[in-house]
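Labels run A, B and C following the written order; every chain starts at residue 1.
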Amino acid sequence: MIELRDVSKQFVLHNQGSAVIPVLQGAALQVSHGECVALTGNSGAGKSTLMRMVYGNYLADAGAIVVDGVDLVTAAPRDILALRRQSLGYVSQFLRVVPRVPTLEVVAEPLLMLRVERAAAMARAEQLLGLLNIPERLWSLSPTTFSGGEQQRVNIARGFAYSYPALLLDEPTASLDPVNRAVVLSLIEEAKARGAAILGIFHDAEARARVCDRSIDVSDFTPKAA
Amino acid sequence: MKDMTQDTDVLLSVRGLSKFYGARIGCTEVSFDLFPGEVMGIVGESGSGKSTLLNCMAGHLAPDCGEVLFAGRDGDLQDTLKMSEPERRMLGRTDWAFVHQHARDGLRMNVSAGGNVGERLMAVGARHYGAIREGAVDWLGRVEIAEDRIDDRPTAFSGGMQQRLQIARNLITGPRLVFMDEPTGGLDVSVQARLLDLLRGLVREMGLSAVIVTHDLAVVRLLADRLMVMKDGLVVESGLTDQVLDDPQHGYTQLLVSSVLQV
Amino acid sequence: MTDYNFAYLDEQTKRMIRRAILKGLAVPGYQVPFASREMPMPYGWGTGGVQLSAAVMTPDDTFKVIDQGSDDTTNAVSIRRFFERTAGVAVTEETQEATVIQTRHRIPETPLEAGQILVYQVPIPEPLRFLEPSEVETRKMHSLEEYGLMHVKLYEDISQHGAIATAYAYPVMVRDRYVMDPSPIPKFDNPKLHSPAIQLFGAGREQRIYAVPPFTKVVSLDFEDYPFEASKAEGACALCGADNSYLDEVIMDDAGHRMFVCSDSDFCTTRRARGHVGTEGVPS
């Protein structure tokens, strides 16, 4: 479902003396249906960069990143957008929303974008928000004013609203209390059970041990200093 | 992957568009395709040529060379630059809309809000007062202007309301392509947020295609699917909006992105 | 006769104006630019109408001038005398007698006939002017038949007054093509624009001539749910008793007494001569 072949990436900082920072080289991995794979490695090894590349948020310099048959390295923007709508979910660490949009809408949006009937989308959003213990009185408010933990849970609810066949998780259990952490882990297990291919970053070793089938050490892709 | 290619028909295709002001470059060799439902942002600093480009596309300025192909309702691409003036003006009040930065450029300031919103309907032949007024009320509601302001003139409105009125006036005939020139420019930040949210909702709901020129990166982050970065009349970088903003490749884009103050 | 050329204007000028008239007749409702001359009267006193009258007048014509329907106001008397002196034509106050009638703000009540020419004095020929200040833009709107704006004006009327409040200079569509300002005649007169007579419109200061040939279709603009109405003041003429003519309200004394009388003085006089008497009238 997710496949990387010989992917490399470097940052060129044009405004800082054209400094070249190589990040990844020869990265390759595969995630199959129903599988959860963890990216590991030290801070700065390029876990987040790799994840963002799989989402199309960062450009790859070479190689192929194929998700559900679409190569993100060569795909047109609208094909990447269509992929994100229909196949590829991403739970980032930060919630980015338009001010004024109520929490319920934020969570239901991925479903609404796919033209799911409004009532059904809202019902799903309510179910997830309830599951993640977001008090009902907050549902009609914009999440911009929520606490960090609440925002993170809204973000997770949004990421799981639609059953994406491929899912990227960036620290999904960070800053969560044990109860909510357990809810998130079971959501991940459910997604696996329905056949989703999941690629994630988990600093929480216990969580990783529970949901991940295997790990890939990103430091293996760190370019060797010439 | 399923139905990925459902909307493969191009709506707008710009090819090799260039405009010179004497020896000075307005914009050069701009080419891109816009698909139905897509929103494209054009960013760059003042004088980068983004407004020149927008005005050339919208037919307000005559470019020196290039083509602006638009898919009519029959699906055929037609070069709008070669259209006769009546055809182009008809396009301007049916399938196209243009939202000006300054609302007073896009509104009739001595005509009531209802008259402003109803004008496009009357321009395409609506002759039933009750129906026109009903349409105006509906659209004022959609841009969050109270119904009891329908007979007030825009001069009595705040800047944000004027801008929302301009949007209602433009969208009432259900255009398929909207050009926007700094739609949030000159508005208070809180007013901007409301306008952006509104625009975003309308774009989604109506499946609008839009080209938005702005120097505000937050605006394109929220509204645009794709981004073109312009400098000195040239497109220096283009791509998926979040990709261009988060992983800029060109030195100028890197400068632009890193120059935004963090709040 | 005097030292003036017949009807004051020189023959070259008349030819220039006649060409504009012919063009106007050929394209009904279209505003034809012309090189308006200085006339021995100020702008706003009918310089456009006078030039048209001078250009169409022949020595055999019988000339009539009305101002707001009346033959005996200063303006009407001056223009009538002007042509008496410079053209030596016969003049009349009777609508039926006249072959050329110059008018300001009215169409005579007595139906016009084939062979008559009605010349209108026009202050502002452009019906779109009050909504669109740019002449370049209004000309483009005419050429492309973009007349939505005209309905915006009527829309504004209804939204502000509950009805189309435009009572004079009510815009019309001429032969399904050009929107035209019929000059500031009351909208009561609009139905009479469909006429066997030739109607010529002259704006001296604005240098425009336009025309409506005989029997041309002229439709007053309106909305389906707010149709055009040729309204007038309720009541009958206090002098001749007519209840179907356009009425002027006249204040009679300092106590505020008022009465309605026919605006068309010839129409009223003729009726009274035939024995019609209103509430305040004296049998003649």
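Note that in this section a contact is a pair of C-beta atoms (placed from the backbone, for glycine too) under 8 Å apart; a residue touches a chain by one contact, two chains touch by 3 or more.
Predicted, not measured: the structure shown is a model, and the values here were computed from it.
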Q: Sort the other chains by how far their Cα centres are from that of subunit B and give me the top one.
A: C
Q) Where the centre of all protein Cα atoms falls, which chain's Cα centre is nearest to that point? A) B
Q: Mind checking the centre-to-centre distance between subunit A and subunit C? Centres are C-alpha means, answer in whole Å.
A: 77
Q) Cα centroid separation between subunit B and subunit C, in whole Å? A) 47
Q: Starting from the mean Cα coordinates of subunit A and subunit B, work out the distance between those two points in Å.
A: 32
**Q.** Complex interface listing, subunit B residues touching subunit C
**A.** 85-86, 89, 93, 108, 110-112, 114-115, 118-120, 122-124, 127-130, 132-133, 150-151
Q. Given the complex with subunit B, which residues does subunit A contribute to the contact?
A. 11-15, 52, 56-59, 68-70, 77-83, 86-87, 98-101, 112-113
Q: Going by the contact rule at the top, pick out the subunit C residues touching subunit B in the complex.
A: 131, 140, 144, 146, 148-149, 151-152, 155-156, 158-160, 223-226
Q) Tell me, which parts of subunit B touch subunit A in their complex? A) 1-4, 35, 38, 193-194, 196-197, 200, 204, 222, 225-226, 239-240, 242-243, 246-247, 249-251, 254-255, 258
